[in-house]
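Per-chain numbering from 1; labels A, B, C, D, E and F assigned in written order.
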Amino acid sequence: MQATTLIPGNTLLTATPEEGRQLAMKMARLVIKATQPDDAIRGKLRDVYANDAAMLLQVGQTVAAEFATIAAANNHWRG
Amino acid sequence: MQATTLIPGNTLLTATPEEGRQLAMKMARLVIKATQPDDAIRGKLRDVYANDAAMLLQVGQTVAAEFATIAAANNHWRG
Amino acid sequence: MQATTLIPGNTLLTATPEEGRQLAMKMARLVIKATQPDDAIRGKLRDVYANDAAMLLQVGQTVAAEFATIAAANNHWRG
Amino acid sequence: MQATTLIPGNTLLTATPEEGRQLAMKMARLVIKATQPDDAIRGKLRDVYANDAAMLLQVGQTVAAEFATIAAANNHWRG
Amino acid sequence: MQATTLIPGNTLLTATPEEGRQLAMKMARLVIKATQPDDAIRGKLRDVYANDAAMLLQVGQTVAAEFATIAAANNHWRG
Amino acid sequence: MQATTLIPGNTLLTATPEEGRQLAMKMARLVIKATQPDDAIRGKLRDVYANDAAMLLQVGQTVAAEFATIAAANNHWRG
């Protein structure tokens, strides 16, 4: 059973690209939370990747992938 | 011969984005199970990646990729 | 000249998502076989990646990418 | 709460491919800024990846992914 | 100036998925050839990655990405 | 301010797949140039990745991603 919510609001639709980008970052984080539910361990690991150049770039890669899906869901907010 | 089920329910269609995200995580795990069927070894390796910042980020990258496919299959749950 | 078959059956079309997923795993393996045709070496390398957390995650990433293409080819099995 | 702006102008639409590419680079950087808000630390990490061949290639991979989304949003600037 | 041919036949269209997959492998190799034109060095590096589990998986990832584009170009060979 | 041109000709449209592939390689390089503008440093780093098997594979991965976008922009040169 999956206890962690994986998608806040249970929708990919957002009002703006900025909110879509925030959702991408949250979705990326929630996968990590579901995989490592211990808050203390996750806090330590966050310190690791937030201070490591290669890992920060890896965060960027994942957020880019999540955002691509969200942007498609929102028809790229083209109105 | 492939003994492990790779897609629970044999469908990419889910009722909600949240369930689609759960499916993405399950599909990612089942590839690992099919590649390393030994439960004890997999359990040890899970401890490794759940406590390693770079590997947790790698989990996120894979789930993002699986989810992109599932979201497309569900027409992004746009109704 | 390419001796290894790269796509079993020479088609991306499968009856079900499960079979599509199996095809994704096979296609991923056949690229490795074409790149390293020596069965003994490949067997040793398989032992390496099946027992390494980071490499198992990398397998997952590749299968996800192959599956995205197969799913698109099958119109996501939406009937 | 997300303090960093993640998408300048809150739109994926740009007049030209060149501007779309600049946006891709900015969006990639802003994820890093949101994840590591300390300017001094980020400056040091930038020195690290700007002088490391593998990390520069990783930057390229992320920008490529961001740009794919922006290009799709702009219908590839086909007029 | 680019001396190496990057796409044999200057087309993404192939008669079959198998040929499309072969093209994906060739296109992946030709980028490496264009980046490292020295045959002797490339031969040594090929020995490296053909005998390294992680690098073989990386080959698989790149071929998957090239193939996705070729498959889309061929409308997934759906006739 | 972005001094480096990121997309030569400011268009993703090319006459042929071969030219599209050349553009993909150029676009990948120009991101690196924009991130590391020092020619001498970039020259040294180029020697590093052109002689490293894993990094050459990483170049391939990025070019594949850039090319996917260019190919889509050109409707895969299907006429």
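Keep in mind that, in the parts below, contacts are C-beta pairs under 8 Å (C-beta built on N, C-alpha and C of every residue); 3 or more make two chains touch, one makes a residue touch a chain.
Note that the coordinates shown come from a computational prediction; the quantities given were computed from them, not determined experimentally.
Engineer: Using mean C-alpha positions as chain centres, tell me how far chain C is from chain E in Å, no decimals.
Structural biologist: 16
Engineer: Quick one: report the Å distance separating chain D from chain E, using the average Cα coordinate of each chain.
Structural biologist: Spacing between the chain centres: roughly 27 Å.
Engineer: Can you list the chain B residues in contact with two or more other chains?
Structural biologist: 49, 52, 54, 58-59, 61, 65, 68, 72
Engineer: Indicate which of the five shapes (line, ring, star, complete, other) describes how the chains touch one another.
Structural biologist: ring
Engineer: Going round the ring from chain A and on to chain B first, in what order do the chains come?
Structural biologist: Cyclic order starting at chain A, direction chain B: A, B, C, E, F, D.
Engineer: Write out the stretch or stretches of chain E touching chain C in their complex.
Structural biologist: On the chain E side, the touching residues are 16-18, 21-22, 25, 49-54, 56-61, 63-65, 67-68, 71-72, 76-78.
Engineer: In their shared complex, at which residues does chain E touch chain F?
Structural biologist: Listed in rising order, the residues are 2, 5-7, 10-13, 27-28, 31-32, 34-36, 41, 45-46, 48-49, 52, 54-55, 58-59, 61-62, 65-66, 68-69, 72-73.
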